[in-house]
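Got some structures for you, see below.
What follows is chain A paired twice: with chain B in the first complex and chain C in the second.
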Partner chain A sequence: MKIQKRLYSYYLIWPALLIYSIFFVLPALIGLYYSFTDWRLDRLEINFVGWDNFTRIFTDDTLLLALKNTFIFAVATVVGKNVLGIALAVALNMRLKTRNLLRAIFYSPSILSILVIGIVFTPLLRTEGAVNRILESIGLHGLSQAWLTDPSIVIWTIAAVSIWQTTGFQMAIYLAGLQSISKDYYEAATIDGATSWKSFRHITLPLLLPAININVMLTLIGGLKVFSEVFILTGGGPGNASQVFGTIILRTFGEGSWGLGTAINTLLFAFVAVISIPLLIFMRRKEVSE
Partner chain B sequence: MGYTRRLQIRNYIVEALLILLSLLIILPLLLMVFGSFMNSTEVLRFTLALPEKWLFSNYVTVFEQGGLGRAFLNSIIITGISSIVNVVTSSAASFILVRRDTKLASALYLFFFMGLIAPMSVITTIRVVQWLGFYGSVTSVIFIYAALNTAFSVFLYSGFIRTIPKALDEVAFLEGANMFDVFFRIITPLILPVNATVAIMVFMSVWNDITIPIYFLTDSSTWTMPLSIYNFYGLYSRDWNLIFADLVMTSLPVLILYILAQKYIVSGLTAGAVKG
Partner chain C sequence: MKPIKKWSGIALTGLLSVSLAACGSGSGNTGNTTGDKGDSASAGGKKVTIELAISKSSQDSPFIDETLLDNFEKETNIHINLQLLPAEQTATVLQTKLAVNETPDLVQYNLASATTDLNLERNFEILDDEAWVSRLENKDVLSAYGHVYSFHISQDTGMQGVVYNKDMFEEYGLEIPTTFEEFLAVCETLKSNGITPVFMPYKDNWAANIWPAAAFANAVEPSWFDQLNANEVKWTDVPEFVTALEQQYEVYEKGYTNADVLADSYDMAVGKFLNKEVAMMFMGDWLIESVAEKDPSISLGLFAIPSGDDPKIGASPLGGQLFIPKEAKYKEEAKKFLDYVASQEVAQQIVDERAYVSNLSDVTTPELPGYKQEIVDNYITPKKTTLTTDAYMLVDRSELYRALQDQFAGSKTAEQVLSTWSDKFIQLMKDKGVEGF
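Our next item is the complex of A and B:
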């Protein structure tokens, strides 16, 4: 032990530890404290107000809507990106002539900035935009929508754009997972007369579990932290119809109600932790037992 | 019909479907690329067509009007330095965390790991940066990006360094080497591919990011490409040809990096998928 201490000194940890602690952990801890105060831009003194900020989040209509939207976005993108991601990966793991090209095409939007994707989709999603024109030209008039201006669907539209953009990223992780599964399992299954669905259900899915694990975590955490997608596509509008926690925090920052803003952030952290930590532990266990 | 024949037909059907589906990805991107060469009335039709005349001048116009030269430089400085800082500090930290099997080391690993889950607290980060006296500066943004990416990088490096046998270090120590020799002359050469993966992933996410610049870069002379373009989009929302040219320009660096460094991106993804 003593030798270990001398040979591997903690010196080398300090730079990373300092940067991470000062610019990430310290603000998070201070935020925890400020979320129980009435910290405002226009007031010098800061008072402790207990759970007031949190009560306000659960009673204010706009904040409740933002809470609901955050969850709709998170769930919709977790399901969409993972179901489509697995489907694409399985299909692109088959012996197809164009598969390398297709993989690159499906992956490509995820390397671009959401700024680029959001701005390109804005004119396409207008009422008279290309998406509706295409739907009408193939006879699906009923499906044409005011995608970004109808309050009842706008958050779903934003989720769809996000799914469009980054499903390819999930696909790539699933492909890597699929390639680590030995072909022997499938051969044995075919000899035993298993259908494709059965081999998918009993071989592919269980052995893909580590990849599913990491992908669900990534999409869930990313979904709850959503900001840029909404900011670029609608700015939270029309009215407040597509506000999420991320955009509300920007607004509270602009208005100077910083105590409330940090409280929203604390709540977001609580949600992410409560959902993801048990999920992490559960998935680890499942992985070992499979 | 034989089994292989049936399999072949199935593959053809799947391939045809996938090619159709891929149009859904390609067409909006082509619309942007073609639109960036059109004149300002032609582009407003938002239909997929080749430009009547290829106006390369759109690119010159946005470069001059949008102040993109400066923005490009800011983006390169912020993205480049934060990637380098992140690579050096995270790999060094992971080396020690992995090699020391003490309770403190595993506690520290968990401390870093929490950063993968916790959302950033923006408003109080601004406060901390103000206390330190450099709010609004490029330097503050570099440190913030390095901090934000630490968790992910430590996670990736630790997984890899764990596979390097400790015996390698021990031999070197017996030969009289110190920790720095071991880290820089034995470990670093072995983790060069991981360095590339981490650097590229950090570079891409920082280059594309818009959140941090919105909060932290208050002065337009420090703006990054995406923020300048967002601002240009607000001001010139009628000139879609110029907006599209802007978008293509900000996408080019990551696109080039992707084409050149595909193999490192794939290996990063594989590490995630296999280790979980």
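Our next item is the complex of A and C:
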């Protein structure tokens, strides 16, 4: 399939590109420069300090903890949102009477503001909150936890809330992907005697790959950039137990260490780019076309 | 078709991550929402609009009272436009405005925090030569580095200690405790009567600092903090500091508090006192004021944190002062506003309305509410007050507050809290460029 004739000239891209360069690319480059300086609230002059800020990031316990938490959150949400998203999409692609209602219900949390989610979940997750009461009422005393105040599990709790909120959105993309798969494949497979697991494994999954790619990318970048979920639910606490890059950047700017804050931000940008671009290239290669 | 799709996907990813970096690096430049400098005119006689920046959480400030601003405008033809800043971002937005020379003409802030957050000396006018300065009773509460930098007509600094329900103390025949052992005994009696003795809302980590801030200041001489700020002594040097932190934790450990100390927040405190669920809390007298506003029949009082020997009540530095930035466009007009508020008639009216302790020699202090009078009689007059630790700090303390949360989460001992904070403190002082670090 060749495009016969170009209707518009590429020059039309210039206005948009110019605005994009001035408001995104240029500030990003300036930010890159500042991350190598000791730019501070109470200093008049800004000095170039080389890699100092970056050395500090990798020697500061709190910053390393934030790094670890960011990755835990990113991996947990990528896995959770996509596995559950596919499961929900496959289930709600079946001929159920309540199909449309259920789709709407599962999608609805992703419309809610994160502030509302915070207000709803904070009391639910208290030690004497509803979640623990339900667990205890069915005899699972051992599972009841200090969900938001135990340093060892708090980041997992936040990831779970995030999964609860946006899995419905991932489900919607997967549903669209599922509906674009031709029924013919399944009919042929059934005639050949394939089980439903086999047709899922060999037809659904490969043909769903474009949707999986976009969802993994979206959830991964979203996961590495996480801020609001942590900020609303715990503010990075208790202590620094649930700090992630996003909240640490805010804290660092608040302390007046603008150079260091910019450096952490540059590092986050580098992580996102280094992880997501090769992953994207890799996953694109795996895609098959019908 | 396929390569185009592929590369557009990669470009999209790149775009997402670049925009992410741009967001972050730009955050030093956000908050310019009120860019235009009013509809002002240069020549005299014409109406001038000046800008006053204030945190949303300070909306009850006497200086932004509508009638006051209207009367000022009628008299001087100067209109004051308010820039209300989001409470949790006030410092960041002001830092940014000052850094990019987009300064308001007046700023309301706390003097002590202005020295740590806003670089007082570089950014703000010295007001020593203003007419109202000669009428000040207590210059210190408005001064830093030996100069008057800020303006207020009150010298009523907040007092910090243990807020307690007097009726409950009376009902169970309790005396005000002056040692930690007595305090524990009081807690035990209250607990056995089904009342939560102490409310700890330590989800808000600053609230965990009220006990130590007063107890630390009580344990050492004020000069100790000068040595600390010169790196001659360390936070970990004073055994009483460890004791103070252990004591606060002991109150929690013995079950004398709400169960979920790290999940409960400060905004629940007023309700807890109104419902008579709790008897005490480590807080400032501003909490008493908030409770009295909702229900004046509840009688609360304040006593000193019973940590060491001869406990004194903690005096927080005065807050809510007005400042004039050096780069302000309408400095003269801003100074006129200070003159207007300081004029005898206007100041007397505000002081009466707000029951302030007046800081102007020709303005008289009205009758104080009961709890305030008690603080004056029991602590201020016999000189049993001490400036809290916060008053001496030159750097951001939130890392100390976080370490205190860690103590209650069980991941740090009292010693570890102090050593973590000591390291962070040295780092922050070094970054700030303080001599000796």
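Here is the rule we go by: the second predicted complex is superposed on the first by the 268 of 290 C-alpha atoms of A that agree within 3 Å, B and C clash if a C-alpha of one lies under 4 Å from a C-alpha of the other, contacts with A are read in each partner's own complex, and residues count from 1 in each chain.
By our rule, a contact is a pair of C-beta atoms (placed from the backbone, for glycine too) under 8 Å apart; a residue touches a chain by one contact, two chains touch by 3 or more.
Here the structure is a predicted model, which is why all the values come from computation and not from measurement.
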item	value
Partner chain in contact with A:276 - chain B first, chain C second, else both or neither	both
Touched partner set for A:158, first chain B, second chain C, both or neither	neither
Touching partner for A:249 - first (chain B), second (chain C), both, neither	both
First, second, both or neither for A:127, with chain B first and chain C second	second
Partner chain in contact with A:240 - chain B first, chain C second, else both or neither	second
Touched partner set for A:94, first chain B, second chain C, both or neither	first
Partner chain(s) touched by A:24 [first = chain B, second = chain C, both, neither]	both
Most chain A residues touched (candidates chain B, chain C)	B
Touching partner for A:57 - first (chain B), second (chain C), both, neither	neither
First, second, both or neither for A:268, with chain B first and chain C second	both
Chain B and chain C contact sites that coincide on chain A, given as residue numbers	1, 23-25, 27-28, 30-31, 34, 213-214, 221, 225, 249, 253, 258, 261-262, 265-266, 268-269, 272-273, 276-277, 284
List of chain C residues in touch with chain A within their complex	1-2, 6, 9-10, 13-14, 16-22, 24-29, 91-92, 95, 99, 117-119, 122, 203, 205, 259-260, 262-263, 395-396, 398, 402-403, 405-406, 408-412, 428, 431-433
Chain B partner contacts - residues on chain A that touch it in the complex	1, 4-5, 7-13, 15-17, 19-20, 22-28, 30-31, 34, 88, 91-92, 94-98, 102, 105-106, 108-109, 111-116, 119-121, 123-124, 129-130, 164, 168, 172-174, 176-177, 179-180, 209-211, 213-214, 221, 224-225, 227-228, 231-232, 249-250, 252-253, 258, 261-262, 265-266, 268-269, 272-273, 276-277, 283-284, 287
Chain A-touching residues of chain B, taken from the complex the two chains share	11, 14-15, 17-19, 22, 24-26, 28-29, 31-32, 46-47, 85, 88-90, 92-93, 95-97, 99-102, 108, 111-112, 115-129, 132, 143-144, 146-148, 150-151, 154, 169, 173, 179, 183, 204, 207-211, 214-215, 226, 229-230, 233, 240, 243-244, 247, 250-251, 254-255, 258, 266, 269-270, 272-276
Interfacial residue positions of chain A with respect to chain C in the complex	1, 23-25, 27-28, 30-32, 34, 38, 40-44, 122, 125-128, 146, 148-151, 213-214, 217, 221, 225, 236-241, 249, 251, 253-258, 261-262, 265-266, 268-269, 272-273, 276-277, 280-281, 284, 289
